[in-house]
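Pasting the structures in now, so scroll down.
In what follows, subunit A forms one complex with subunit B and a second complex with subunit C.
Take a look at the complex of A and B:
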């Protein structure tokens, strides 16, 4: 079977499976509305202006929805495959595990992007924020880079959790700590300096800055954020490749892939 | 009482067979502290306030939701997954008593989580503990947890007829966040939705603790807490009156063991 065909089948199947789960329905269809209200009301209480609403409420809640969908789908899928006894089958099939897994992550990300747009649309309507598309090309580019960065983080994290039997524990531990680290709802400069520098390792921190910059009129530091976004994405592609090699080896040695 | 204690010890053993102490600390305590930090930092950034007590209190209290709603609400789901739900439903003892027993463990963990979150939040955001009336804080935490756990018990009853409990529980948890006044006053919300705060837990205990934390215990403090406890009784009464009906529906519709 051709890799592209495997990728497509995995992509379609994953979307059907994910959407059948009530938890995914929550993160995709309900959470965008509620997270928009939570962030929006916090900012409204402080009496912040439209600029803050666009950067931290409209985009912040959109990214919150996207991140939530990614965690409770792509990262948790390892556990679901393990419980249905299909993880070892996928791992030992003649097709490269990475192709099958990428198809799954693409399927989940496609659905998650819908939740991002629901959130952006709802919060901008609810709080009367006009989104200007003066730099439409830059907005599109930054959105594309954002999606790529979320995909690569999903891949790395799900590989990392392949060997663990406590995926549920780690999956639940990822949402707020990483939202804190990436600066979804406030600038990362609010964090203590060592943590702020640590957050710069992750592409999501940079793509958030890139996305905010693409919506600003003068594209403040766009090139700078774009360079670091690409650089950190490349770094994480390398990390995920390395993780796969280690996991592949460890799986053969430990033989714990199917243990629940 | 003996059966109650034996059930609690089984639940504790089950928890610690899955987690070791460090994982338990990360999952239950550290995660709550980091979630609280996230919300308080948002408040700090938006308002520019230095005195962040009310956000620390509100968000620390909200940390009981994980145990009391998310975990207590899926007690039947866990039994279904283990294949023991049928035995529990047909057993002559009260199902609600069984949920309440297991929830006691969640209540205990929630109390530890909220207390640790409050203390850690206080240290991170420089709250002056010397003037705080800890009796008020602990009483407030206790009332908040009792009412939230009662709602968790009520919601868990519905897991006999639906497989969408995670959707229901997460939606309720987010609504509690919105209507609890943990991060913004309820008065800010449109008038026609404010009534929701009266039927959801936490708002009274958070408000009472914020007002009387530095004050000596007053009669008004107990009025707020009384309302919170009335809410808890209301949830339990509804759970008691609906469990038999829902059990019957689940048997008739064969949804008892639906995944």
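Take a look at the complex of A and C:
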């Protein structure tokens, strides 16, 4: 049985599982409307212009929805699978856990991207923002890299959460702080300097800049943001590889794969 | 031929983890047990709740690392050489968990067949055979979440057999099964054992252990109290071999707490 087959079946299984859950349907289909209104009203009250609305309301709410969906699906799935005892079973199967988990994250991310587009569409209609771009190829490339960066962050975070049974607590703690840290809603330059530098470690911070740049008229920073996006993605691929090696041993030492 | 071997196998758990938690407590779940299982044998591990049965199984199925001691399955260490073991073993835990409840029985079995690298050309026929074996063919395409506890447990059994394992570990597999379901499981265990599969079974059902097991170990507070054939266990406790194993078990647990055999 090839790895690609496991990847595909995990991808399909995860989409069937996730979409059957009312909570995921809410996060995927309803939450994008709320995030659009919240950010839209903040910027409307602040009297900001269309440029801010495109960057921080339209794209910001889209990314917030994407992040929320990923938190409550890919990352939250560790807890669900632990509770239903399937985590320990898939972990102890002959297939490499990384392949199984990547398939599941791809499935969740595929569904979560829908919430991104719902949010973008709704907020642009609600606040009358025209989405325009100079180069469709750059937009497509930046969207692709954005998705890859969310996938790699999901992998690293969910690996870490296999070590603890307090996943629900961490899951809820991750949404808002990281939304601010990555700069979904506000520029990261508004953050205190040490935190701003910390945010630059994460690929999501760079891909957001890349995505905003691809929609703007000024594309001169596109290459710069693209380089840092790829660099930090490679860094996190390396980190997730190291994390897997650690958690592979530690989960068996700590015995955190199931609820008993 | 020894197919499982444990030498001075220990497993501790620390309760109250965290840097600032001063009330850390170490629980010795398994305290240096020694045993082996022969190829083709049905080996039973009996004990009270919390005695160390599940912890022992988890170490054998490569899910949990031993704190110390040696634990080998099919000639490979369960911690460090898992890859060589996993494709040849499978396990079934009692209860309703261990399946994707929103998916159908067939989808679950297909998924686990993929994880256990069952060739696609044989997969669907074998799944049908397994569904027939556990008498669930008519509900194969129904989501697990609509099943009763017993029906779910039957699908768990089918899942455990998906890779035709050389060793099947069963942790209280008849929990929640009605008498007919339990009987069906016993027949299945005998059948797969007759085909050469070694069985490692934990159960609270003494009748089941007596009927199925070639040898039985009784574990209490992480230590073996006795390891012998059901017949010899009864004789050693002074009861008639025609009496139930339950009488011998109760006698051993109540009266021989400090006797390590």
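As a working rule, the second predicted complex is superposed on the first by the 257 of 260 C-alpha atoms of A that agree within 3 Å, B and C clash if a C-alpha of one lies under 4 Å from a C-alpha of the other, contacts with A are read in each partner's own complex, and residues count from 1 in each chain.
FYI, a residue touches a chain if its C-beta (ideal position, glycine included) is under 8 Å from a C-beta of that chain, and two chains touch if they have at least 3 such contacts.
Just so it is clear, the structure is predicted and the values come from calculations on it, not from any experiment.
Participant: One more residue to check, A:6. First (subunit B), second (subunit C), both or neither?
Facilitator: After superposing on A, A:6 lies in contact with subunit C but is clear of subunit B.
Participant: With both complexes overlaid on chain A, does A:34 touch subunit B (first), subunit C (second), both or neither?
Facilitator: After superposing on A, A:34 lies in contact with subunit B but is clear of subunit C.
Participant: Could you say whether A:169 touches subunit B, subunit C, both of them, or neither, answering first, second, both or neither?
Facilitator: First partner only, subunit B.
Participant: Applying the document's definition of touch, where does A:186 land relative to subunit B and subunit C: first, second, both, or neither?
Facilitator: In the superposition, A:186 contacts subunit B only.
Participant: Which partner chains sit in contact with A:241 here, subunit B, subunit C, both or neither? Use first/second/both/neither.
Facilitator: Once the two structures are laid over each other on A, A:241 reaches no partner at all.
Participant: Looking at the complex, which residues from subunit A come into contact with subunit B?
Facilitator: Residue list for subunit A touching subunit B: 22-23, 25-27, 30-31, 34-35, 37-39, 41-46, 48, 52, 166, 169, 172-173, 176-177, 179-180, 185-187, 190-191.
Participant: Which of the residues in subunit C end up touching subunit A in this complex?
Facilitator: Residues in contact with subunit A: 13, 54, 58, 61-65, 79, 82-83, 86-87, 91, 93, 95, 97-103, 107, 110-112, 114-120, 163.
Participant: Going by the contact rule at the top, pick out the subunit A residues touching subunit C in the complex.
Facilitator: Residue list for subunit A touching subunit C: 1, 5-6, 9-10, 13, 16-17, 20-21, 83-86, 88-95, 100, 249, 252-253, 255, 257, 260.
Participant: Of all residues in subunit B, which touch subunit A in the complex?
Facilitator: So the residues of subunit B touching subunit A come out as 18-19, 23, 26-27, 31, 34-35, 37-39, 41-48, 163-167, 170-171, 174-175, 177-178, 183-185, 188-189.
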